[in-house]
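Read through the structures below before going on.
In the two complexes that follow, chain A is the common piece, with chain B as its partner first and chain C second.
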Partner chain A sequence: MEVQQNNILEVFDRQVPASDKPRRELLQKLAASGLPDRKHEEYRYTPVSRLLDKEFADFTANPATETTTLPVAGILAEAEQLVVFINGEYAPHLSRLPQDQMIKVTPLSSGSQPTAWDKPAFSDRYLDLNRALTKSGVQITIATGSAPASPLYILHLTDTARGKVMAAPAHYIQAEENSQFTLVEVFSSEGANQGFVNAAIHLQVARHARLNHIKVGLDTLSTTRLDHTLVQVADSASYNTINIGLGGRMIRNNLYIGLQGEHAEAHLYGLYLPEANGLIDHHTAVDHRVPHCNSNELYKGILAADTTGVFNGKVFVRPGAQKTNAFQSNKNILLDDSATINTKPQLEIWADDVKCSHGCTTGQIDKEQLFYLRARGLDEASARKLLLRAFAEEIIEKLAIEELREYLEEILDSKLPD
Partner chain B sequence: MSKDDQILEEFTSKEYEHGWSVDLEMDQAPKGLNEEIIRFISKKKEEPEWLLEWRLKAFRHWQQMHEPTWANVTYQKVDYQDIIYYAAPKQKKKLNSLDEVDPELRETFEKLGISLEEQKRLTGVAVDAVLDSVSVATTFKETLAELGIIFCSFSEAVKDHPDLVRQYLGSVVPPTDNFFAALNSAVFSDGSFCYIPKGVHCPMELSTYFRINAANTGQFERTLIIADEGAYVSYLEGCTAPMRDENQLHAAVVEIYVHKDAEVKYSTVQNWYPGDKEGKGGIYNFVTKRGICAGDNAKLSWTQVETGSAVTWKYPSCILKGDNSIGEFYSVAVTNNHQQADTGTKMIHLGKNTKSRIVSKGISAGKSQNSYRGLVDISKRASNARNFSQCDSLLLGSDCGAHTFPYIQVKNHSAQVEHEATTSKIGEDQIFYCNQRGLDTEEAIALIVNGFSKEVLNKLPMEFAVEAQKLLALTLEGSVG
Partner chain C sequence: MSLLKIENLKASVEGQQILKGIDLEVNAGEVHAIMGPNGSGKSTLASVLAGREEYEVDEGKVLFDGQDLLEMAPEDRARAGLFLAFQYPVEIPGVSTTNFLKAAVNQVRQYRGLPELDAVEFLKIMKEKMKLVEIDQSLLRRSLNEGFSGGEKKRNEIFQMAMLEPKLAILDETDSGLDIDALRIVAHGVNALKSPDNATIVITHYQRLLDYIVPDHVHVLYKGKIVKSGDKELALELEEKGYDWIKEEQVSA
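So, the complex of A and B:
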C-alpha cells in the first residue's frame, strides 16, 4: 500500500530535538507508515490527518497564555482536588492537589512513562504520536484500601486566543487494591484559533478496586481532539466510564479496556451531541482476555443538522475466555437529513461458552410517544424536547456527582433544538 | 470424553460425501492468463467483437488491481497463472430430450440425487445443468418459450439475444467493480441467462446446477437475470463439487436487474468441497452477487444456505434505487473443521420508502471461523427507509470463532435502522430440557440447530428446502439428524 505523505509530520519533527533518540525513532516510524487516512479501516470516517495537513502546516510553537480564570467555574471553582493543564502544560497556580495520603499526585514534567507500566494490547498511530510528542502529564496513585470521598478533576484547557495550539498530555492512573475512586476529566477550549489535542490516559485498576472515570467534552468548533484511554482491569475489579461529548470540530475517542483478571467488570456509557459542522467519533474496544468477565456498553447519540456521529464498538472474546457476558448497544436519533451517523458494532468471538449480544438502532423520535404527549396538551416543540431529554437522561442519570449532572443537564437543555 | 465431545468429534470427522469425479473428455485452454487466453476463450465461444473488447478492457483493469485483504480470512494466495481458464466437455450437440445427454454425465447427477428426470417428473423444475462451464441440457425450454421467457446458457444468449446481453451485462456489477469481478469479466466461461418479459409470472422455479469437475479449472460463471416490468421469477442455484487436494478458485458473478413492479427471488444452496479435516484442499469461493431494484415497487430477495467451500467471500447485495422497493437477505452459513466464511450483504437504500431485511444465521464448529460482514447504507434522499438486521451466531466447540462486522451508515433522519446480533452456544439447559423429554443429546442438537436456522430455511422454495435440510444434516452429521 502506498504511504500517505503527511506534511504535518515535518511540523511534528520540529518539536522533538535530535538528541531525543527514542522519540525521534517513533517519529521516523510514523513518517515511514504515514498517519491513518480515509483508507484505513479505523479512520475511514474521521479524516484527522487531512485536517491536520490542511490547518497545522504553519504551526511553530504554542503561544504563551495568560489565562487565570477557570472555565466551567460552577463546578471547578468548588472542586476540592483539581489538576489543571493549559495547552498541554501543567498549571500549578490553578491546581489544587490533594492534601491527604490517599491520593498521590505527581506531575510528570518530562512526560516520560513511569517504569513498570505494562503496554496494553492496543496500537494506534496517533497514540504513538502522543508518545513522541508528550511533554507533560500527571501520575496519580490511589492508595491500597482507600476511598477518597471527593472526586479528582483534571482540566484540559486549550486556549487559542493568541495562536494555534498543539497539546499531547499523557497521564498514568493507578488504583491500587481495594481502592475506590472517581476521576473526572474535563476538556474545554476557548479562543478563535485552531487547537489540536492528542491526549492519552493510561489506567490500571488493581484487584478488587473500583474506578469511576467521567469524561466531559466541552470543546468548541476550533478544537480537534484525539483522546486515547487505555485501561487494564485486574480480577474482581471494576471500571466504569461515562463519556459526555457536547462539542468540538473533530473529536475522536479511542477507548480500550482489557479485562485481565477473572470476574473483572467494565461498564461503558456514552452520550454524544456534536455541534453543527462538528464530528464526534467513539471507537471502543472491550477485550475479554480471561473467563468470567462481564461488560456492558451503552452509547447514545443525538445528531442535529450538519453533525456527524461515528461509533465503532468492538467486543473481543479471546480463546479460552469462557463464561463471558458481553452486551453492547448503540442508539442514535437523527434530527435532520444533513446529519450523518456511521456505526459499526463489532463482535469477534473465539470462545463458545459465552453470551454476547449487540444492538444498534438509528431512527427519529417515536411518533406514538409524540402523540401521547401532544394528547396531554404539550405543543410539538416541547414534546420533542422532552423526549430527547429523556433519551439523553438514560446516560446523564448515571452520573453520581450531583452538581456535575445538574450542570450538564442545563447545557443539554440549551443545546437541544426548540 | 463426554457425550457432547463425542458427538462433536463424530461430526467433525465426517468426510465429504460428494467427493468423486467423472472422467469426461475435456477441451481445455493452456494454463495461465494473458490477452491470448482471453482471445482464445472468446474465439472458442464464437463471441462477437464487442464482447471480446469488453473482456480485454476488464482484463487490463484487473492487471492494475490488487487482491483484497480486508476480509477476515487467511488462505494460501492463488497463483493466477497456474489456472486453466477454459475447460468444456467436448460434446456440444443441441439436445431436445434427456436421452441425448451423455450417460456418464447423467450418472453424475444421479449420484448427487438431483437426476434431471426426477427433477423434471416430480418437481416441474426446469434444469439448466452446467457442468464445467458449458450447458449440456436444458429442459422445459419450450414451455418457457411460449411465455416469452428466455432461460438459456450465457453463450447461447450472446448468440441469440445479443442486444439484451449487451444492454444489461455489467450494468449491476461493472467489470471494474472489484478484483474478482474484474477477473470474472475477463475470463468468464459460461453461466446462465434469464429474461422474464413484461407482466409474466414465471410458472416454475428456474434452476441451475453448477459443478466444478476438471482438476485445476477455475470456475468463472456469469449469471444475468432480468425481470422486466411486473414480472416474477424464482431462481434456484445449487452446487456440489468433487474432492480435490489442490485449492480451486471460484470467482462467479451474478447480476440481477429488477424493473418496476417486478420481483426476483434468488436462492442458493452451496456445498462445495470444504477441504479435509486438516484444512487441506477445498474451494475458494470468491463471488460477487448483486441485484438492483431499478424501478419503483421492485423486490429482490436473496436466500442462501452455505455449507461448503474452504474459504467463502460472498456478499449478495441489493441496490434499492426505485421508490418503495424491497431488498431481503436470508442466510444460513455453516462452517466446520478449518472452513472460513466471511459473508453477509449490502443494502444500499437510494429510493424513498425502501425497505430491507437481513436475517443471518452463522453456525461454527471445529476450528472454523464464521464472519458476518454487512453494510446498510441510507442515502440522503431515501426518506422513510427502513432496515432490520438480525445476525445470530451459534458456536459448537471451543476452538471455533464467530465474528460480526455490521456497517451502518445513515444520512436521512426519517430512516429507521435496527441491528441486533447475538452469539451463544447451545445451552446446557436447552439440552437438558430435551433429554428430559426423551430426546438423546444428538437429537436435541439437531432440533436446536434446525430451529435456529428455521427462519431462513422457511424462505427457500419447497423443492429446495428439502435439499437444504439434507445438506445441513450432512454437514452436521453425527450431531444433527
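So, the complex of A and C:
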C-alpha cells in the first residue's frame, strides 16, 4: 500500500506513541497536507513518495543490530573516530567515540532535540516526517577554540538482509567559537530488500569556526534516501561541504545554508554519478541573510545511460544583505540519449549592491578534446575515461583527506563507463 | 621510400567540397612545405590525414607506410606514426600533458611491439625531450594548454611529437601566434628530430618558418588543388610576390 495523504496517520500509527503529543501533532499536520509528490514543484522530478509504502512502517524490531563487520572498510577501517548507525539506530559496538575532550559525542534517544536549537528558515514535509519519526541520532559538540586533528566519521548503514527497512536518524552538530573540524558522513547499503532512509542533520557553526562537512553516498539500487542538511553559519565562520554521490535508487539531498552573521562563508561542492535506473537530486539553498557574506557553489554530474540527475540551486539575498558575493555553477555531461538532467538555478535577490552569478552547462564529451587525445594515440575508451576523470577531478581534488580521496578515485574509476 | 602517397583526394565538410583532387608523395627523409592563401584547404588536408570525423572523404586514396590510411581510426594513425601538430591546440582542464602522454606513449609502444615504459623510464625520456624545446616540467603538470601562451602551446606540441617519435609529422600553421624567439625554438626542435627515416609536412601561410625549417619541396595549394610545386625558391617567390600571381595564373589557364 502506497503511503498517501489519507493513510499517513494509519501507516505510522505504531511508530509514534499517543503519549508523544508534539510528534502526534506533526503527524496529524502531515496527514492534513500529505507528502509531496510529482504535483509539487519541489518534488516534481523526484517522486520519492511512490517508493514509500506501508511495509516500511511495519517493521518493529531493528533487524540488523548484530551486524559485526563494517562496510566500506577502505574508508572506515582506519577511522579513529567513528559513530555508526545501522538502520537508523545507534550501534555502540561498532562505534569508536573520541577519546579527548575536544569532541563531545552524545547519542540521542527517541526524538530528543537539544534545547535552544534555532529553527532555520527552511521547511520540507519530509523533514517534518523525520521529526515525527526519528528514534535516534547523535549530538556532537566541538569545544571552543579546539581543532581536532582527525575527522569524525558517521556511518549510516542500511542493512535490508532481513526485510524492508525505514530509518529516520536526526543529528545535531555544534562547532563552537573558533573551532575547526571535519565531519564525514558515509551512507552505505546492503541487502536485497528495499530501504527507505529519511535522515536529517542540523549544524551550527559559531563565530570564527570552520566546519568541513563531507558526504559520501555509496547506496545501492535498493535504497531510497532523503538527506536534509540544515546549516546555520555565524559571523566570520565558514562551512564547506563536498557531496559525492555514486549510487542509490532515488537520492534526494536538501541542503539549506543560512548565512546568519556578517563575513560568514559557504563553499558547496557536489559530484553525482547515479547508477543505471538511479536518480540523484540536489536541492540546495544558500540564504544570504546579512551583508558581507560569500558563497561559492559548484555541482557536477556525469549521467550515463538510464540515469537521472536533478539540480535546483536557490540563492536568496535578503533585503539589506549588501556586499553579498554569491556564485553558482552546475555542469553536466550526458553520456547517452537515455540520460536525463533537470537543472534549475533560482536566484532571488532583494538587495542592490551585490555580486551574484550563476551558470549551467549540459553537454556531451567535448569532441575536440576527444579527437586531440586520440590523435596522440589513445584509444577512444581511454580518452573518454580520462576526460570524465578530469571533469570529476575538479570536485574530488577538494577532498583534503588523502585516503578518502584515493578510495573514491578508485570507486569512480570502476564506475565510469568504458 | 614513399612514406605517404595521396592520390586524387577529394574531401568535404558540411556538404561543401574543400579538397578537389590532391596528389602528393612524400618520401622518408624529406621536408615538404604546403603553402597557400587562406581558405585554400591547407588545414582541411591536415585534418583529413589525421582522421578528424567531421570531414568526409569523397574520393581518392592515401597510403601511409604501405597502409590504407583512410581506413584507420585516428589513434591507429598516430600509433602507426602519423603526428599532427595542431594549429589550435585544445585546452583540456584537469588533464596534464604528463598525465595523458604516458598512457599515449605506452599505447603507441604496444602497437609498435615495444615494451611499456615504467614511470622512471618515462620521466628520463621526458627530461631529454624537454630540453629540445626548452619546456619546463611545471608546464607539463598543468592542465593542458589552459592559460598557456601561444609559444608554450606550440612548444608543447613539438614536445609531444618528440615523445611519440612519428614517421610523418604534419605541422599545421605551427608558426601562427609565435614571436621570433618561440619560432626559433620550435624550428630547432623540429630540425633536431629530423632523420633519414622520417618526414615532415610544414603547412604555413608565410615563408618565415621556412627560413628555419628548410623544405626540400614546396607546394602551393589553391582552391583545393596543388597548383604549383617547386623547391625552396618557390617559397621565396611567394613571399616576394604574394599569392595573387598564382590566382591570376589559374584564371588565365
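Here is the rule we use: the second predicted complex is superposed on the first by the 398 of 418 C-alpha atoms of A that agree within 3 Å, B and C clash if a C-alpha of one lies under 4 Å from a C-alpha of the other, contacts with A are read in each partner's own complex, and residues count from 1 in each chain.
Everything that follows uses one rule, which is that a contact is a pair of C-beta atoms (placed from the backbone, for glycine too) under 8 Å apart; a residue touches a chain by one contact, two chains touch by 3 or more.
Fair warning: this is a prediction, and the values are worked out from it, not measured in the lab.
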item: Fit or clash - chain C, chain B, common chain A; value: fit
item: Which partner, chain B or chain C, touches more chain A residues; value: B
item: Which superposed partner A:Gly359 touches (first chain B, second chain C, both, neither); value: first
item: Apex chain A: angle to the C-alpha centres of chain B and chain C, given in degrees as a multiple of 10; value: 70
item: Which superposed partner A:Leu97 touches (first chain B, second chain C, both, neither); value: neither
item: Touching partner for A:Ala147 - first (chain B), second (chain C), both, neither; value: neither
item: First (chain B), second (chain C), both or neither touched by A:Ala339; value: first
item: Which superposed partner A:Ala121 touches (first chain B, second chain C, both, neither); value: neither
item: First (chain B), second (chain C), both or neither touched by A:Glu348; value: first
item: First, second, both or neither for A:Tyr372, with chain B first and chain C second; value: second
item: Chain B and chain C, minimum CA distance [Å, superposed model]; value: 13
item: Touching both chain C and chain B, counted on chain A across the two superposed complexes; value: none
item: Footprint of chain B on chain A - complex, ascending; value: 41, 319-320, 322, 332, 334-337, 339-364
item: Contacting residues of chain C [partner chain A, same complex]; value: 50-53, 73-75, 77-79, 84, 86, 89-90, 92-95, 99-101, 103-105, 107-108, 111, 143, 160, 164
item: In the complex, chain A residues that touch chain C; value: 366-369, 371-380, 382-383, 386-387, 389-391, 393-394
item: In the complex with chain A, residue positions of chain B that touch it; value: 70, 378, 380, 383, 393, 395-425
